[in-house]
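Just below sit the structures, each encoded as structure tokens.
Both complexes shown next keep chain A, but they swap its partner, so chain B is in the first and chain C is in the second.
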Partner chain A sequence: MTAPAAAYGKALDLITRVRSVRGAMLVSAEDGIVVAEQLMEGIKGPAVSALAASLAARLRRAMEAAGVGASLFWHLQAEQGALLVVPTSGGTLVVAVASRTSMWDWCASSCCGRRR
Partner chain B sequence: MTTRAVETWTLEPLVKFVKEAGARLVLVMTSAGQVLAQHGFSRAVDVMSAAALGAAIMASTDEMARQLRQPPFAALNHQGERHGIFLAGLATGRGRLVALVVYDLDVSSLGLVQLFFEQLATDLQAASPKESVPKQVLAADFERQLSDSLNTLFGR
Partner chain C sequence: MPDEIKTLSSQLAQDPDSLVFLRLGELLRHKGQLDTAHRVALTGLERHPHLPDAHDLYARILADKHDYERAFDEWDMALRIAPDHVGALKGLAFLYFKIGDVQQAAAHLEAAQRVAPDDPGVAQALAMARGGEGGPADAEAVAGGGATEALTAPEPIAPAAQPLEEARVFAGLEGAQEGLLLLDASGRVLGGALKDSGGRDVTDAVAAYLAGVSQEAARTVKLLGLGKWTGLAAEGHHGHVHLAAPTSDALLLVVRDRAVPMGRLAVIAQRAALAARRWLEAHA
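On to the complex of A and B.
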């Protein structure tokens, strides 16, 4: 493994170790191509990366139009899980795919002060 | 911008691809550069030029792959300041076709074009005539067939 690839792997490891995170990717925001990924089976990495990058570009324009500055973090909640995206200053997106369980656990522990 | 097809089975997959990928210009053609469908072009001469150049690029890179003893390249992407050009081959019952896609970098991206190109290839394969009868184009008929195709592609 080359040095950059190893570094990306370590960064993704930090995310995928979180309970119920089903996968993480680094995506090139400009062209929607996967830079690095650690995904469980069943997650279509190229599709998620292309569509997340497209959405990021549109959101960036919306944020600029609204005058609220650059987006820092988005959380798209779905019926069976969530997509978490962090745009970086280096032109990449950090994308995490989480199952419903981890999100509800996090919300319960952080909002209500309880641990499961 | 309109989408037109010489061979009507290409139309629906192409319309769907253009909408989903956000492509600006698209040509679907044979490996020889014969255009089956187009989207976004306003002049016949542009279609002819793009088809000829696209087919030539594919032929050159196929030969390069052959020299390297590799299978043909799946796709080629050229990225400019404002636009990208994506070229890829796909198999259908009509034979091997080539798609040339021009996309605005502000509107679409390589990832999106690649993603929806896979669906386009599947849809064209499904819609294509199952038993292809290759038409032999005789030199005497070439000009008339080209003129007929261009008239169809521009709704004349």
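On to the complex of A and C.
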């Protein structure tokens, strides 16, 4: 395993350890390609990553046009869970798929909690 | 042509806000200087993000660079801003031919023909798509070539959709005219308005970028087996936004500065969504 791949694996491991997180990915923001992933069986990583990158791009453009700047963190909430996305300065998206009970744990420990 | 490029470059340097970048980008593209054309188009697009011709130019450069996915996005954006943009319709037809979806390609060419009935390139591509002489490959070439003509005869920019009875949708709600926006599935503004921190009206620009978000959000959560999407909350450098779907065909956007906590924003969005749903039901 190369050094970056090991680092990605370690980062994803920290996310997927959170209770009820079903998977995490590093996705190229530009083209939606999966850079690294740790997903539970049944999650279609490439399709989800493509949609997440597309949503991120639309959201970024809309937010910039609205004058609130690029997004630091966004989450798509659904009845049974959420998709949580953190765009990084390096042009990747950290994407986590969470079931309903886990998303706030993840947000508090890995994202909002870290920045606040 | 080199002289013209030099002249246009000089004009653009003197007036960076000038629309001369459209002609310059196209000339560079024709010359095969795709990286330079890309830079010119992108800079122009940053200065004129609501100009469909700028998205069209950028899309053609991306298509020349075989970046078809982003080209699709740009032509799609041009069409959302100006639904009758012939260049974008031809460009999308070209991409549909590329992936072998002749039916969609023909549909876009038909739409282009309705707007520009005298365009020989469209007629020729359409005839081929319908099974006339040549084949889809020829039609692809015609559609793709036709797309390059859009700038020599620029299409007028479609007038922005006018908000419908905007005051009534969010009547009584905080920030109805500067931080609440209701859109239909195609990005048409149904109510509310948005202003940036400088007081500039950014309603149409934001609406154009948000067209399609509701469908993408729905596809994403469906793919993940998470049921229906209920909201999308995002933190920005200078503010927070919350998106909700008052109905399956509508999208609500709430924008507030960073002083407003995300939880409070969700409550505001919930109230606005309720008002929007009632308004939409009343106007159905």
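Convention: the second predicted complex is superposed on the first by the 102 of 116 C-alpha atoms of A that agree within 3 Å, B and C clash if a C-alpha of one lies under 4 Å from a C-alpha of the other, contacts with A are read in each partner's own complex, and residues count from 1 in each chain.
Assume contacts are C-beta pairs under 8 Å (C-beta built on N, C-alpha and C of every residue); 3 or more make two chains touch, one makes a residue touch a chain.
None of these values were measured; they are calculated from a predicted model.
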Overlay on chain A: chain C relative to chain B, clash or fit: clash
Chain B versus chain C as contact partner of A:Val18, first or second or both or neither: neither
Chain B versus chain C as contact partner of A:Ala7, first or second or both or neither: neither
Touching partner for A:Ser49 - first (chain B), second (chain C), both, neither: first
Partner touching more residues of chain A, whether chain B or chain C: C
Partner chain(s) touched by A:Val68 [first = chain B, second = chain C, both, neither]: second
Contacts of A:Ile33 with chain B and chain C, given as first, second, both or neither: first
Chain B and chain C footprints on chain A, overlapping residues: 31, 47, 51, 54, 57
Contacting residues of chain A [partner chain B, same complex]: 28, 30-33, 46-47, 49-51, 53-54, 57
Chain C residues within the chain A interface of the complex: 49, 69-70, 73, 194, 196-198, 200, 202, 205-206, 209-210, 212-213, 216-217, 219-221, 223-241, 253, 255, 257
Chain A-touching residues of chain B, taken from the complex the two chains share: 79, 105-106, 108-112, 114-115
Chain A to chain C touching residues, read off their complex: 31, 42-44, 47-48, 51-52, 54-55, 57-59, 61-63, 65-83, 97, 99
